[in-house]
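Written out below as structure tokens is the structure these notes cover.
Think of it as A, B, C and D in the order they're written, each chain with its own count starting at 1.
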Amino acid sequence: MDYADSDRAQEVAARARDLMEEVVLPIERERAGGMAVSGGTVAELREAAREYDIYAPQISEEYGGMGLSFRDALPAFEEAGRSQLGPVAMRVDAPDEGNMHLLELAGNELQKETYLQPLVDGEIASGFSMTEPLEGGGSDPKMIQTTAEKDGDEWVIDGHKWWTSNGLEADVLIVLARTDQDAHPYEGCSLFLVPADADGVDIVRDVPHMGGGVREASHAEILYQNVRVPEEHLLGELDNGFTHAQERLGPARLTHCMRFSGMAQRALEVAKAYLTEREAFGSSLADKQALRYQIAEAEANLHVARTAIRDAADRIAAGEDARVAVSMCKVYAARVTQDAIDLAVQCLGANGIGKDLPVSDFYEAIRKFRIVDGADEVHKRVIARHAFDDVDEAELEALTRFNDPVSRRPGGN
Amino acid sequence: MDYADSDRAQEVAARARDLMEEVVLPIERERAGGMAVSGGTVAELREAAREYDIYAPQISEEYGGMGLSFRDALPAFEEAGRSQLGPVAMRVDAPDEGNMHLLELAGNELQKETYLQPLVDGEIASGFSMTEPLEGGGSDPKMIQTTAEKDGDEWVIDGHKWWTSNGLEADVLIVLARTDQDAHPYEGCSLFLVPADADGVDIVRDVPHMGGGVREASHAEILYQNVRVPEEHLLGELDNGFTHAQERLGPARLTHCMRFSGMAQRALEVAKAYLTEREAFGSSLADKQALRYQIAEAEANLHVARTAIRDAADRIAAGEDARVAVSMCKVYAARVTQDAIDLAVQCLGANGIGKDLPVSDFYEAIRKFRIVDGADEVHKRVIARHAFDDVDEAELEALTRFNDPVSRRPGGN
Amino acid sequence: MDYADSDRAQEVAARARDLMEEVVLPIERERAGGMAVSGGTVAELREAAREYDIYAPQISEEYGGMGLSFRDALPAFEEAGRSQLGPVAMRVDAPDEGNMHLLELAGNELQKETYLQPLVDGEIASGFSMTEPLEGGGSDPKMIQTTAEKDGDEWVIDGHKWWTSNGLEADVLIVLARTDQDAHPYEGCSLFLVPADADGVDIVRDVPHMGGGVREASHAEILYQNVRVPEEHLLGELDNGFTHAQERLGPARLTHCMRFSGMAQRALEVAKAYLTEREAFGSSLADKQALRYQIAEAEANLHVARTAIRDAADRIAAGEDARVAVSMCKVYAARVTQDAIDLAVQCLGANGIGKDLPVSDFYEAIRKFRIVDGADEVHKRVIARHAFDDVDEAELEALTRFNDPVSRRPGGN
Amino acid sequence: MDYADSDRAQEVAARARDLMEEVVLPIERERAGGMAVSGGTVAELREAAREYDIYAPQISEEYGGMGLSFRDALPAFEEAGRSQLGPVAMRVDAPDEGNMHLLELAGNELQKETYLQPLVDGEIASGFSMTEPLEGGGSDPKMIQTTAEKDGDEWVIDGHKWWTSNGLEADVLIVLARTDQDAHPYEGCSLFLVPADADGVDIVRDVPHMGGGVREASHAEILYQNVRVPEEHLLGELDNGFTHAQERLGPARLTHCMRFSGMAQRALEVAKAYLTEREAFGSSLADKQALRYQIAEAEANLHVARTAIRDAADRIAAGEDARVAVSMCKVYAARVTQDAIDLAVQCLGANGIGKDLPVSDFYEAIRKFRIVDGADEVHKRVIARHAFDDVDEAELEALTRFNDPVSRRPGGN
């Protein structure tokens, strides 16, 4: 189904779809059996993306991207999500995508030159080092214990992070640390660019996890012990790290929605092909209503998600405070994409569990969507606060009548 | 939350909200205890709607409406839905709203003058007489058995209809009858305007049903026995009744979505007020997560529904074939609005069952939404046909490899 | 499906089924169109139940019942639930059934003679007056504000109750009132037998509500103003009212489960008949998987509910503390019976909303099940307390390792 | 919660729990980080199970088991399921457990001596080779294409199987093959014991799949090409293979229910410990209702599942035809155990995805439960057939009145 995307957005998405069909999906299928792609393959995919003119659509042209607005890049992100290799090829892969966005937004010229340019070029990789072991699921920023203290013209960073996405591969780590112990907990933190090979950066291990898939993306546990970085490695404003993190996370939540809705749609495509091909009890499974109508419901849910994603992207593009709309969109999209992929697994029977088809990889990969960048519960907290801030006075007043029995006696007053 | 509605649409919706807050809801509350509103109250409400300049927004100015486009009327329909009296007041109440739409679309000048004008003015009422007892839930149009045969310059109608909305109150009935027995079942039917007092129109009874609410709207069982109408009572083209019915039903499905999403939102407003007011085990129920987070999820679902409704209305406005998008929107909206109202009932405890508050009326009223104008199953059938028409060739081809074990031996070929 | 019920239980249930098929259901069907049954019909139904030897199975023979144990009466309760008239006929109708149980359990000889005997005989009716307007949904007993003060050899009762089931019809009201202001909130209340015609008992109104169905059962709002009852009208022990109420409510919750699972099963029977009869698009709806497989799931859910109900009844019969098991059973049964009836509505299409068939009455009636005798949230509170009282020490200890990065370094110790 | 299990069953389960707590779970925890257990560890675990006197509870004493009835072994199976290593230790691990059951049931003395005894002793392993690539998800037995033809005193087997559980490790494979091409498709198949090292047995590969977990259990694709086995390798009766397979699968479905409900319960234990330990926004997560009440619901669902599993096991023990009850139990248990584990993942946040805790392994492992041994859809087919075989005549008759309008006219007849 087409959406009211701009001509430019549709053109770019069409090229993205060609890249996926002609280059990315064939490689994904060759991989059937479980071997992860190597760095060489990644380089080839990116080369192809450049040839198809669909490389880094969201990055400004100055730094080697295509200069599309957030809203115009949207349909291309959806296409990319149809395979776990798509975002890698098109350089819209988390966490680099969000990190590049943050650098472009908050970085100074030197930082952009040193880190953004080579990131866009795919010469280096980056990690985002925010979550700590003791946090309540990472959801309560007051619990950040990593510190950065100024010592001369250097910052000295100490702390213990984990679930640092891309931590093993990263050349540079963006680290959130408390810089003002006395400030309101939401205000005294800052972001730093820390080279992965700096003294005191101790990559303890890759936290083993479900859902690496084709890419086998790492999530590292890292100790920062007396790590020193020059003062110009402060990223963005001092003590403003949470705001910057939100600037990164807001759009990142939406790009997750885009990619994962593409993944869920692809899972349905595989399931529909399978049901069409397979027979049981005398007719094609596709002709039997039980799964067919569930597919219909999943298609409807994904269509509806796409309208909500576009709505949220429009709000961000318009400069609105879109936090509640993004939270609503993410909670909804995370649920229905997980459900769609679960349904696809069921449609495929044993092949839904198998790795000859991509759907079981998707099943593992999607599960984090309801957890990362704010778990469902965190977003519901945001939505609820908004919803209950705004309780209708007239409805409240109408309720007071409950306490006066006489007024409610039939005909009585 | 605001949406990208036009300035005109927002202005009109704001007036609609004022009407609801200042005139409609106070009357609804007075009614607590179960008495239905009388015709006199209806006339007063419509008078007020005219004063607030929000009467019949969807009808062209020529016939006494406000001349808003379908898309611009949308937010006003949402406002109207917040009380079962809202659509009545604003003259956007089913089935008259759909019937007026159909008359404006397919009626000739005489028909418009005779029926449309007085309908808009609220001087007469109309019924839509399509469903028959023997149909499979009304979903299979091939089963229409009512006939209309030409006899001179009259049509003679015979048949048995039921669930004719508004059948008891109607002054004119729009009747679907088979006019060509030999045609493809989808092609040989036509629509007729039948005065309710014509000879042979036998209103057997009001089919007793759940969910009449404040309005106690009727659904009549009607026998048409040798009913004669002049040939100029044919509405629209001969043998083209199904197409006209679809022209009526497509937008009607969306206006149901608009009104019922307004109703569901109102239910949440009542629930939030109640939870805020009530305490148990030491704190306000609103502060306890169990129901609070469910409210958040319901709010997200309704927000998402509003984005999908707008998307579908935009498609209709753009002249697209929006059938699949409307089906998707309706299936989704019907489910989440029912769920939201069910949640509101639960939040209110015993008062959710009681009639002092409007939510139990909503609970009864919303249940038909998943059934009328195409049950869920009918819409899923439409969506599935679309989804499976379009099975991805590449995915199909990828599946063929399953049957060749050698090609899948690790490293083997 | 048969269950491991005793021979006696199965015999009695078979007679109950005969009564339902031969006497009760035919009357229910005649009523199609919405008229409630009169007192005369109730008397006839009870006469028939005596003839079928299935009257008051749960009451001891001494007081005119059949003397079945709680466990042996179970399958008969399920049969009774298949129509809203079944419990009325068999004298297992709430709230009298629970009130009789309480009187038998806690009443003294005089009270049994005065009230229990005529209740069993159907000569009088009783109400249970516990819920108050200001409570948080009735769930927090600390908020009981009705008082009873001793004055000589009388108790003087003052308070405001509502949702007193059967309040309009009752000859005697069982009232919960605070008798010791200084006691722990859960301990200082008592139960009283209050004649409905006592001075100061002011039945303000029948709280209008959804779901009266065939019976149109009342829920009254009642003011008790300086109501005086003799001291021997104390029911059970002084200051022990909550315990007695729990003794009443525990089994009452299960008998609700029994009756409502019978109702849900009946709804499925009606739906299956309808799907078998109806055709659309060339075959019986029963042969189409979409609804057929949902019926299968609903049947499975109800079967599972029946096993859990039997388990809980066995625990009560064995004298176990069955509170958590009953809460689990009620939460589960309330959900799946509501879902089954909702599905039946959908299967019936417009006739699911109509009152020609009993299912829309069931739809309205079942909604209270998740609210009365402890709302879902109250039971989840009970279950959660039990579940979290018992957190596994070993699992807790295993979690502490998260905080020591070195120990988790691969190969490291 | 305790259930009405026999004293013997409870004693054995208590020893199983001790084994789990003292031996199995500590090893599982050491493994944190993802390494699978080796054969040596398996041998040690089994040695420990013998010491705890909980080895092979379901096998008769004659062959080295404990001789418990199916019903009495039930609670020990639940305990075993709490870790993926539990069934391995206690020798109740699929597919050997089902294969041993089948050998004990249908094998002749020689077969029992040759294969059953060493299987129980853990000296050999077995695979069950039934599913074929072309089947409709394995659900339609008519599609079995593997053949066995008699040639002298040998059977010659040809075919292509996959998803042969344990295929890589197996010393002996139980193969289903068509032996009578002319018979009714459900009747002409037989089972054969095929040594894995027989000529013509070609293990193409381990079908890569999700959910191997600690054990990394294989599912092999196998070509049988002109494989010859002596005639005494026929297992059970000729042409009766489907019946034997059902004898194996019926109880196997229930033992899956037992083990997976243990796994789901364990996941909740880990989640509860985590929520108790973790804080966010000022209090323990366990004290916040959002997840706490969801845990309560999951606990209720699992309790209810346990009652249904016991009911089905009782039926099998009583020699009833329990097929429908088992299908209902499996459909229900598969859904609620998957849901419970999904909830546990969510409670753990990022650690739900991580492999430091066992829950993400459970998440991967449980997904097959709704697919193997009959997918949900196959069981719903069975349940639906039962449910619609038995449509109530009286309800059907009541529906006929719809077609006669006069009879339904109020007051009319």
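Operating definition for what follows: contacts are C-beta pairs under 8 Å (C-beta built on N, C-alpha and C of every residue); 3 or more make two chains touch, one makes a residue touch a chain.
As the structure is a prediction and not an experimental result, all values here were calculated from the model.
> Quick check on the interfaces: A-C is repeated by which of C-D, B-D or B-C, going by over half of contact pairs matching?
Of the listed options, the interface copy of A-C is B-D.
> More contacting C-beta pairs: A-B or A-D?
It is A-B, judged by the count of C-beta pairs in contact.
> Measure off the straight-line distance from the CA centroid of subunit A to the CA centroid of subunit B, and report it in whole Å.
Using C-alpha averages as centres, the distance is 37 Å.
> Going by the touch rule set out above, which residues of subunit B reach two or more other chains?
Where subunit B meets two or more other chains at a single residue, that happens at 32-33, 205, 290, 292-293, 356, 377, 380, 402, 408, 410.
> So in the complex, the part of subunit B that touches subunit C is made up of which residues?
32-34, 131, 135-140, 142-143, 163, 205, 207-211, 219, 278-281, 285, 290-291, 345-346, 348-350, 352-356, 360, 363-364, 367-368, 370-372, 375-377, 380
> So in the complex, which bits of subunit C are touching subunit A?
Residue list for subunit C touching subunit A: 133-134, 160, 162, 204-205, 221, 223, 288-290, 292-293, 402-403, 405-406, 408-410.
> Help me check something: in the complex, which residues belonging to subunit A touch subunit B?
So the residues of subunit A in touch with subunit B come to 1, 3-4, 21, 25, 29, 32-33, 268-270, 272-277, 286, 292-293, 295-297, 299-301, 303-305, 307-308, 310-311, 314, 324-325, 327-329, 331-332, 351, 356-357, 377, 379-381, 383-384, 386-388, 391-392, 394-396, 398-399, 401-402, 408, 410.
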